[in-house]
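Single-structure report; data block below.
Which chain is which? They are A, B, C and D, in the order written, and residues in each are numbered from 1.
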Amino acid sequence: MIVILNHKTKKEDVSHLVGEFEQMGLRVNLSEGENTTILGLIGDTSKLDIDVLSGFPFVESVKRVSEPYKSANRKMHPEDTIVNAGGVKIGGENFCVIAGPCSVETEEQIIEVAQDVKNSGANMLRGGAFKPRTSPYSFQGLEGEGIRLLLEAKKATGLPIVTEIMNLNYLDFFADVDLIQVGARNMQNFDLLKELGHSDKPILLKRGLANTIEEWLMSAEYIMAGGNKNVILCERGIRTFETCMRNTLDISAVPMLKKLTHLPVIVDPSHAAGLSWMVPPLARTAVASGADGLMVEVHNNPAKAWSDGAQSLNPAQFDELMTDIKRRAEFESRPIAANK
Amino acid sequence: MIVILNHKTKKEDVSHLVGEFEQMGLRVNLSEGENTTILGLIGDTSKLDIDVLSGFPFVESVKRVSEPYKSANRKMHPEDTIVNAGGVKIGGENFCVIAGPCSVETEEQIIEVAQDVKNSGANMLRGGAFKPRTSPYSFQGLEGEGIRLLLEAKKATGLPIVTEIMNLNYLDFFADVDLIQVGARNMQNFDLLKELGHSDKPILLKRGLANTIEEWLMSAEYIMAGGNKNVILCERGIRTFETCMRNTLDISAVPMLKKLTHLPVIVDPSHAAGLSWMVPPLARTAVASGADGLMVEVHNNPAKAWSDGAQSLNPAQFDELMTDIKRRAEFESRPIAANK
Amino acid sequence: MIVILNHKTKKEDVSHLVGEFEQMGLRVNLSEGENTTILGLIGDTSKLDIDVLSGFPFVESVKRVSEPYKSANRKMHPEDTIVNAGGVKIGGENFCVIAGPCSVETEEQIIEVAQDVKNSGANMLRGGAFKPRTSPYSFQGLEGEGIRLLLEAKKATGLPIVTEIMNLNYLDFFADVDLIQVGARNMQNFDLLKELGHSDKPILLKRGLANTIEEWLMSAEYIMAGGNKNVILCERGIRTFETCMRNTLDISAVPMLKKLTHLPVIVDPSHAAGLSWMVPPLARTAVASGADGLMVEVHNNPAKAWSDGAQSLNPAQFDELMTDIKRRAEFESRPIAANK
Amino acid sequence: MIVILNHKTKKEDVSHLVGEFEQMGLRVNLSEGENTTILGLIGDTSKLDIDVLSGFPFVESVKRVSEPYKSANRKMHPEDTIVNAGGVKIGGENFCVIAGPCSVETEEQIIEVAQDVKNSGANMLRGGAFKPRTSPYSFQGLEGEGIRLLLEAKKATGLPIVTEIMNLNYLDFFADVDLIQVGARNMQNFDLLKELGHSDKPILLKRGLANTIEEWLMSAEYIMAGGNKNVILCERGIRTFETCMRNTLDISAVPMLKKLTHLPVIVDPSHAAGLSWMVPPLARTAVASGADGLMVEVHNNPAKAWSDGAQSLNPAQFDELMTDIKRRAEFESRPIAANK
């Protein structure tokens, strides 16, 4: 960590500060320029709080040299983490596809979609039971009943299931869920993250709408610090000034994360743009980017039902997408595992 | 609501859609151009889901004409709402100042700061007990004990207290808190908002880091839809591309909110820039913008302690700020109420 | 175009406005709701100025239904445009690669790089002669001499050349340049765009740092409105809140542009992230996204020279990238043309 | 400047680099940690190019400690600069108001508006002759004739004039213009800035839509490096994710600029939000922020004419605003100079 002092800092303030750092077990390298004094702190600075340090009246700025996350850091753990979610391996050489409707609606619907996506080659079933909606007047999901229906679909097809948690009190509902999703809006719901850190369930952590990659990794760190190492990151588009798409897919987050962390990274092309016709091209870029998988929205009848959004594929479109994605995953030497 | 159809939409699809809208009790005005057909929907469209409508294959886009929030909407409730928080009136002609440290540290500290800010004319005491920190390795607050110490400070000074809630299970801790803060990171923690909607406590709802004004009002609507009308909005800076300040204060949010909603609006200049020297000028713009109050971080000894950030004023700086702000509030004919 | 009137608009104001529109040859469809009156304007609204219309005191908002660009619009021109730049075909089934140094430095350097990138299979040579630098104290390019050296490299290798124009007075220098680049910072330098509209040279129009796709297409429209239809668009990353990369590559811009316009679209992965190690993965996503080509920075000796940035590949790295990209372009059935 | 090396950097590479820096006249302070080696460079680093340095394979990152601008830097020039524009003093204790229409339309119009704004107390007249329009099909301004009409209005009222330049070839038209505006879209049109640096005319430099404060000061530096020290900065709103206003006024830019530079800073509340009703509250925040003046759009007949936008005040509204602003400027002890 580097601490840059104001050029008017008094000698005694400098010595006092250096003393404080040394008491904390840090080695301090002092560099005095004409206009600035720079302290280089050597040792474990992970407990130093940048905001606190910046608060000193004679500190001009503080710059971190090493990353503030440890468990998630590839430097500390060079090998790829492979998360086992209900038998599906995510990370490493594997490429996985998760598919299903935005919301679970009926037993018939979810089982039909589950069979369709399984037939097309998806590895896991997604479906929303607890739905984070911007408006309190929008459909909030079938809640506990939705999870029950997902479990029926799992029984019928053998596909492991993924669904979102919004409330740490409902963790019991998720006992048989294979992969628990934390949505973008809860990426910094730290109490929820802590609770999940004490679980041993795989967690799918979506990126917040306007969160930096470092903040995202710090949220993964919250879960990992509690003992749960089974974290998968999911890029789903960030908020920018552009208005012709709902969000802007940050595809460069994938190679950046691959460098910074050993955790698996998947891409959600459905939420990224919010436009179904854009799902296939964005899915193709995700495969090429080095991502470990895809999460895609599929609805059995988007045209008839009042129940699905602008971003869902129908089963035929999904099947066509899977044909393409399988070829591409093979091209990347990361074949999609066949369903049993 | 306006629904714009693709220019290749078949006659029968148009009639089918019109029929569906009419069955929902809406009147439909059909306008056919050379390249587009436009449906104007007249009536209560608040239950129509834009995402669902946009999902129809022949729908090009959907544009909302009326606001999706009702309880928070000034059109439905033209008079300013005045929230009574522990005897302090927020909104209307009143200008209020909330002050105190980022975190509660010790009984001595919080009582000393409370007396200092009271002497300078603050109306309420703030202090963090549960702290949302980006890093799991940073100090997470004194939690329940922090609230106990705030209540001691309230007893010692008579100042009502404000503190942040992060977990709906901890609502019991807040029984004697006068104003419950929902932080920026939880602005779309919908389960927490719903829970607070069933409380009768005044709620201070901070804007999310990258949330639009409409999303913010929809989060207020979540609380109000549950029956709790005591919501105060707090602008605290948004995330932009600028890097020389922590966030960018969106001062224009104040007049915009004053037009759209009847709820009180206050400004937090401390978190907005993250720089203590910038608190006074930003506080001045807040008074001039028509805001109903300020929330300012004050620490009794930022220079000695390892416990406070770059954004806190010391009591002397706060006293100087209050002298200035009092003059300005009077200039605006919105005097700060004297403490009893 | 849809004009939404304030619900208190007087009957006579509505009739007056309708009359004005009808005089302009537009048909007006009137839709009166309880709270709003909506005018649907049918006919050629491309000359109506949204800002002007919005200025009327009783107009609440104006929403455009059809795109404001014509020449660039795929609806008016469904076939892909193929631009011929010095014999290289850009657009359609072709995939092209442009490579070369950020700045032209010496005759030796530019000829060496040109030969290297040609050997690796690049179709065109890029090199900066006039350099847009944030600081007036940074190297501003060799200017006219830089173009002379590029022409030497063209003579030596046969590669057509691309270089940036910053000043409409210098158009004469570009007489033998095959493709003229307009940089991100000049995307809305409208006088420069108009001047280039009167030229018949192919133009490579980079996206501005924080410009929407619609604004970008309007800048292309400026050039095309002057008669020059040879415009190629280049996505090079946009500005967001993220700080661990210089810019955020907006890969979704590629499929969106492919839908909206018939113009060719290429991707610059070097400027997008500003990090040389990230060029290969981003280039891979560009091929998968459906882009028509790549523009990549290559320097012959990044490690020794004080002359190149964090984003350049050396010739060996570029050669390795080309081996990969060739396979991928073939996979997409869009082979890179061989050099003669 | 601080250079952070990769932890695997070889001893000889470190020595080589240190040698290079020393040859450039810099003193190097070497600090070796377990994981990183840090070089602190002491001396004049303004010519070092961060991008070049970052390009070295063993350099992890480079952090600037001192600002890259000199002429604009308050550290080098602590006193406020006061620019004299046609007799109006901008900066220091003065508060100035510039007003007038978006576009010059007719002699009658511009003279009428000029007299109106003069009567209300404006110090300068603004009016667009060359108009930067997003669409090539929108009105592009009266160009040279517009400037002639502005000069007529100047003759009629005595008000000095401000108008925008878009093309360095048209500098002759501006011979009698008192203050030349560089618009947001040309903030990084470096050739235009260089040309204006050789002029002795006062320059009003608007902030680019998504430019940082540092980039803005570097553009001021371009003008000043050429010898022209008469630069005034104008904040006019930045681009964010918010959609209910055209731009987001960055009011915190004013105190930040006042700290970083000695140049005058004014605020344009008309372009910031793009909504006329929001001009008065934003103007009030500008006065309170410490700005040196305002630039406001006023049109003599926004309701009748097809010639003005959503953001203009009519003369009566402007007169009311001026009454308010005069009181506020006096409150700040920065009275608006009376017109002669």
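Simple rule for what comes next: a contact is a pair of C-beta atoms (placed from the backbone, for glycine too) under 8 Å apart; a residue touches a chain by one contact, two chains touch by 3 or more.
In this text the structure is predicted, and so the values were computed from the model without any measurement.
Novice: Of all the other chains, whose mean CA position lies farthest from chain C?
Specialist: So the chain farthest away from chain C turns out to be B.
Novice: Please tell me whether B-D or A-D has the greater number of C-beta pairs in contact.
Specialist: Top pair by contacting C-beta pairs is B-D.
Novice: Using the average of all C-alpha atoms in each chain as its centre, how far is it in Å between chain B and chain D?
Specialist: Taking the mean C-alpha position of each chain, the two centres sit 31 Å apart.
Novice: What whole-number Å value describes the gap between the mean CA coordinates of chain C and chain D?
Specialist: Computed from C-alpha means, the inter-chain centre distance equals 27 Å.
Novice: Between chain A and chain D, what's the gap in Å when you average each chain's C-alpha atoms?
Specialist: A distance of 40 Å separates the two centres.
Novice: Would you pick out the residues of chain B that each touch at least 2 other chains?
Specialist: Where chain B meets two or more other chains at a single residue, that happens at 210, 239-241, 243.
Novice: Report the residues of chain C in contact with chain D in the complex, numbered from low to high.
Specialist: Per the touch definition, chain C meets chain D at residues 46-47, 49, 51-52, 54-57, 68-69, 132-139, 166-169, 185-186, 188-191, 194, 209-211, 215, 218, 221-222, 225-226, 239, 274, 276, 302-303, 306-312.
Novice: Where on chain D is chain A touching in the complex?
Specialist: Contact set of chain D toward chain A: 2, 4, 27, 29, 31-36, 38, 40, 42-43, 60, 63, 65-66, 210, 239-241, 243.
Novice: For chain B, which residues are in contact with chain D within the complex?
Specialist: Going through chain B, the ones touching chain D are 210, 212-214, 238, 240-245, 248-252, 254-256, 259, 272-273, 277-278, 281-282, 284-285, 287-290, 328, 331.
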